[in-house]
Amino acid sequence: MGIKGIRTALKVDLDKPARDQPGLHNRWHPDIPAYGKIANNEVVKIECLDWTGGQIGNNDSADDVKNVDLTQIHYLSGPFDIETAEPGDVLLVEIQDVQPFQDQPWGFSGVFHQKNGGGFLDQHYPKAAKAIWDFEGIFCSSRHIPHVRFAGLIHPGILGCAPSTEVLTEWNRREDRIVAQPPNAMNAHAGSAGEDIKERVAKEGARTIPGRPEHGGNCDIKNLSRGSKVYLPVHVPGAKFSVGDLHFSQGDGEISFCGAIEMAGEITLKFSVIKDGMAKLSMKSPIFHAGPVEPQFGPGRYLTFEGFSVDEKGKQHYLDATVAYRQTCLRVIEYLRRYGYSDYQIYLLLSCAPVQGHIAGIVDIPNACTTLGVPMDIFDFDIRPEADIVKRDMGACAITQD
Amino acid sequence: MGIKGIRTALKVDLDKPARDQPGLHNRWHPDIPAYGKIANNEVVKIECLDWTGGQIGNNDSADDVKNVDLTQIHYLSGPFDIETAEPGDVLLVEIQDVQPFQDQPWGFSGVFHQKNGGGFLDQHYPKAAKAIWDFEGIFCSSRHIPHVRFAGLIHPGILGCAPSTEVLTEWNRREDRIVAQPPNAMNAHAGSAGEDIKERVAKEGARTIPGRPEHGGNCDIKNLSRGSKVYLPVHVPGAKFSVGDLHFSQGDGEISFCGAIEMAGEITLKFSVIKDGMAKLSMKSPIFHAGPVEPQFGPGRYLTFEGFSVDEKGKQHYLDATVAYRQTCLRVIEYLRRYGYSDYQIYLLLSCAPVQGHIAGIVDIPNACTTLGVPMDIFDFDIRPEADIVKRDMGACAITQD
Amino acid sequence: MGIKGIRTALKVDLDKPARDQPGLHNRWHPDIPAYGKIANNEVVKIECLDWTGGQIGNNDSADDVKNVDLTQIHYLSGPFDIETAEPGDVLLVEIQDVQPFQDQPWGFSGVFHQKNGGGFLDQHYPKAAKAIWDFEGIFCSSRHIPHVRFAGLIHPGILGCAPSTEVLTEWNRREDRIVAQPPNAMNAHAGSAGEDIKERVAKEGARTIPGRPEHGGNCDIKNLSRGSKVYLPVHVPGAKFSVGDLHFSQGDGEISFCGAIEMAGEITLKFSVIKDGMAKLSMKSPIFHAGPVEPQFGPGRYLTFEGFSVDEKGKQHYLDATVAYRQTCLRVIEYLRRYGYSDYQIYLLLSCAPVQGHIAGIVDIPNACTTLGVPMDIFDFDIRPEADIVKRDMGACAITQD
Amino acid sequence: MGIKGIRTALKVDLDKPARDQPGLHNRWHPDIPAYGKIANNEVVKIECLDWTGGQIGNNDSADDVKNVDLTQIHYLSGPFDIETAEPGDVLLVEIQDVQPFQDQPWGFSGVFHQKNGGGFLDQHYPKAAKAIWDFEGIFCSSRHIPHVRFAGLIHPGILGCAPSTEVLTEWNRREDRIVAQPPNAMNAHAGSAGEDIKERVAKEGARTIPGRPEHGGNCDIKNLSRGSKVYLPVHVPGAKFSVGDLHFSQGDGEISFCGAIEMAGEITLKFSVIKDGMAKLSMKSPIFHAGPVEPQFGPGRYLTFEGFSVDEKGKQHYLDATVAYRQTCLRVIEYLRRYGYSDYQIYLLLSCAPVQGHIAGIVDIPNACTTLGVPMDIFDFDIRPEADIVKRDMGACAITQD
């Protein structure tokens, strides 16, 4: 006679340290014990902490962002064993809903300090900064970035299945020679693991910072919102699925690193196993299919900026989309600061508002060209080039002295 | 009593060599003489050759693509003096319409040979290939890539104002140390210039291949379609505006280089001068505002693939969106080849169909993550992962032996 | 430091008869006492029963629909006094969210029996019928109408401010000569009113069935979903705002009368008073501005049927859009029954799925032409005319014997 | 080697009286001779006059509208025999493009005089009025309705196949008792027919004013734009397809009767015959499938007005969507006149701009509720209720003295 309510597979405790909660973990490792079991085709709710595990407060100081402890990051919910899932299968995860907690209707966007985390524009904006966002139903607004309000494109920053030992070994191999976050025993949390495993996880466990091709993970894809279907490779028996890093909203690139509107909350997921899916779909990395309810502004409601792979010192880079996108971001900051916003306010805004970052041209030697579309309807004033420029009192975001 | 018809500011002759037409040119240089004058706020039509100037034929051989003469490329229409435009102004160009010629309702997409132009995936696909696209009103389809049909997102690949001497000098300086296309006297076309100027343009004139931050140029932005407004920096008196490289459709990145559906045709433009616009808009690079009539598939009608900055040899690249986008493209090829398409067919298709290439995450050290959304409705069969895979006879695109 | 949670202005008790809950009422009358006060610019949550007050069960019989007691309908939450609102003002209500109750994730669509309520097609379909819909996050599906699933366009069927005595008198006058539901003392619920008022409300109070131009009320506008702003005329001091009849989804016309997916749940609203708004906006009836998050299928994803004001007996009606829309609905039923659905299943589906009912032509004497667009993506099979017709086992909806 | 250009199946002569052109006709009758043949699966261009056959001029007087000769209306292009089409088949017509003539880039919207044609609001607005619209690529604007500009949703007002004798007899029977336009010999044009047939057509031929369920005809459905597929019943051998009444744009209802932006131009169509399609599709009236390129404003960019079936004299009508829609239109006029527009200007605008007219509620006895959504982006000022009202000099449309 119909479903009677949806099972909550994991509850988190907002008042207890994250490290003491056995349903959380903050490393990727095949040996982290499953926290629970989910049936094939089951729908469950899973609660999540914000990615810092509660280190950031709803206040007007950016000191907590500056001093954030990144060794703890990210606290993920899980892992969960999915019935019948085996290596080589694909786990189809339907994101049926994402919600902040009812009694915690706020989130934060941060710019990390250049010396602790940094971000995409840290050469230009080295200080730590923060904006608090209040949620009103599907909308959010911030006392730190006035005259802006938008509907959230709510989504999880991280979801994925545990790596196998082989996959984990490969990660540790290839990330060794590059400025990555290598395994770090400090503050490693291996969920409900016993001492032996805990030690192994701390030593070998992959950091959750990057997304990775083999399983997805921290992809920070803003479009994985309500109604999306995500197809994930399975590497270990039971899949050992984890999820976390909920975002009320994010822009393409999440440029300030802690840039999405980070929040604690609850995600409703449906799991189905596609047997032998990796071979059937010729799938090496996750694919997805977004839902029909993304905020739609209309193609004519974006103001779009162009950027090229020539850096601010006039140096030419060869088809470098990363350099091009950084330039594109700087173009937006130069444009929007005319209205009275500080650069840090805009930097935060571009990180969390639903801006569209496209690779436009990637073959016209030697310049890559990228674009960044800003939805004009998130502002309560007219930002079209033909409209009058009125400088407003835009207040300030939280920011550190140095 | 209303307008009576729109003036055609330039007619091209499809039966005459491009190099002999004084309204065309194929280098950027401030000294190329203006071909005509356009009033402030005037609407005009401008005819354009395809970017190769007619080198590619409507046939089933890719030899013409393989042997294309890139020194001639691109033939642009113009330059035009825009009344009242002065350095420091912004030229607002409204793209009111773009149409192929009525009696030439076809275009081509090509994969350049690795030794003559190459492309984004030339390490994987070194041969030359070609697909011819037939236009039926707003739609196109190809005998070389069956079971696909879509509405064109028609646009010019190139529009921009001439560089000043200073800007040109800077281009030549910074592109000198990198694998760019340096000035090349061979086949340089300086429009209606006399011998002296012709020689100077041939020697100094910037190639039209790359887009450049100071003026736009060959940005290959698929969204500059009907109804767009583009804001362009003006560097010389009269602006000396040029346009060309019309595309019936293109995907983000235009990955096979000659990848858009290239065509000859006619563009209708309205010009307005914003006095002192560069300072007013704090503008260093073009910005634009798309129109309301882009093909809209709905957010739930894309199948989206993820890619990361780990290359196919397992090498880790640091936040490199270019590497990530290449991987994303390869993921799509692996997926779509299951239906019977050859890799070259898919490579061509990703270049010209309205695929969405996004920068998803650019801060999660060390991996950049990009996504590529394929509109499912361009296929006449169901490409969702949950649908049955039926292998079809997909014929073949034109391709060279080596 | 930011909001800490949103006040719930009214809690309903699902286990207690609606008639015994003082925060509910089921007539429009200026004398029904305000249940509570809401500040200008305040955001509150308001809980609502389903419109029947719990008469319909989650089971496979349509007897409860057949025997529904319409004298009780609708149970509305309120009325609420809005601080500073005076007659002549406009109350701006922002619908920030609508949600079903977490532990009651289902709703129902019903076809009323021709002798008890009826509906738009009751001449053709006189029996009572019912479908139960299960909610999975933003989606719903029904065991009674298989192979269909869609995202809800969730909204309140009713919201409005109380009529003044003058307005109420006018309603009772003009509805007197027509087959309306006149005031009916039976089961009238006057909220927290004392005996005197209760009696007056029972005698004079307007039924909540119709929407009315002076205040809105039961408009059943499917697009008043998350993110909408509604501008409502104020007729009495404090506005006396009420809301109810929550719908998980509805199609244009709500044709089977009990046709939306009716549910109990919670709505989050923000109230702002526009002083003297009726004169400022020259406003006689409500206006609204929808939000950006409606499910978007893309303009090319609807299959649209045409209907005209010639009835099924061949009788010509003069520019009658009502007759035309009925014909349009019948055309859809004829089309969809080819897949194995019963007519009652389709009748229910057209009532609750997000179909688009347009007035196409209303001046071409003597025929009105209306259209009904069915979003093809709600089906898990291909309903395009060019696709093969496969008859499926479509089970059955609940239906009464006569 | 690909198509070489599209055949033009009919050319019209703008300088010759419509009545003298054998490829035109202005009645529906099975005996009107086919003007030409079109192959199954062929794509052709067909030129069309405006619906009045050139009676309306590009000037500032509405006298031509007042004195329009409606006996001539509409001049249709055709009929065409479609190879293999037989009664009982369905003709699938794909609208591949619609364009105004290049050298006639303008159209007109008219309000007919109450004594000659009238319109939806002629009780309120009895005079004749006119606005001329200039086309700039995909956009249009009018010197008679300033501060408005929009992209056309270009489409044919009429397309359909000829009635059989039986169908024609039925039309004449049922329209006899109602204020329709009965057959009228005056100015009847039977294409290339000889005298005998001409006389019969004049006497029996159905007027083209209304759309009709059996074949479509003058449906005035704004969404039959570029990229649409229309499925039409075939009643006579060869189908005898005709098309005309091209509109650059139209709003739902086309309320002022001559309300669309009427124009001469060219339509590109592809024809395919579905054998025995009427039975296969259980089809009694046309159905269609719109294309993906309609102007998209986003769901949040409409200001929507509500109207109910209570007329302006306070009379209650029973579930009458026609009355409700008229009230809805009046609500918009009351709102927009605050900006300085005359009522006739707004009446014209609502007829031709892409407004959305929905049937919201059609079962809530006794009131029907309809809505009319006005796209806010067609105005160059802010029409949101919360924006300041600035009265502008809005000039005037052409209008007659009485």
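Letters are used for the chains, namely A, B, C and D, taken in the order the chains are written, and counting of residues starts over at 1 for each.
Throughout what follows, a contact is a pair of C-beta atoms (placed from the backbone, for glycine too) under 8 Å apart; a residue touches a chain by one contact, two chains touch by 3 or more.
Quantities reported herein were computed from a predicted structural model and do not represent experimental measurements.
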Which of B-D and B-C has more C-beta contact pairs: B-D
Farthest chain (mean CA position) relative to subunit B: C
Centre-to-centre distance between subunit D and subunit B (centres being mean Cα positions), rounded to whole Å: 38
Subunit A and subunit B, separation of their C-alpha mean positions in angstrom: 32
Where subunit B and subunit C are represented by their mean Cα positions, the distance between them in whole Å: 50
Contacts with 2+ other chains: residues of subunit B: 227, 291-294, 296-300, 377
Partner subunit D, residues of subunit B touching it in the complex: 1-6, 43, 58-60, 94-97, 102-106, 132, 134, 136-139, 143, 151, 226-227, 268, 270, 291-297, 377
For the subunit B and subunit A complex, residues of the former touching the latter: 90, 92, 119-120, 170, 174-175, 177-181, 209-213, 216, 218-223, 227, 231, 252-257, 259, 274, 277, 280-294, 296, 298-300, 302-308, 310, 314-322, 325, 327, 331, 334-335, 337-338, 356-371, 384-386, 389
Interface residues, subunit C side, partner subunit B - complex: 296-301, 377, 382
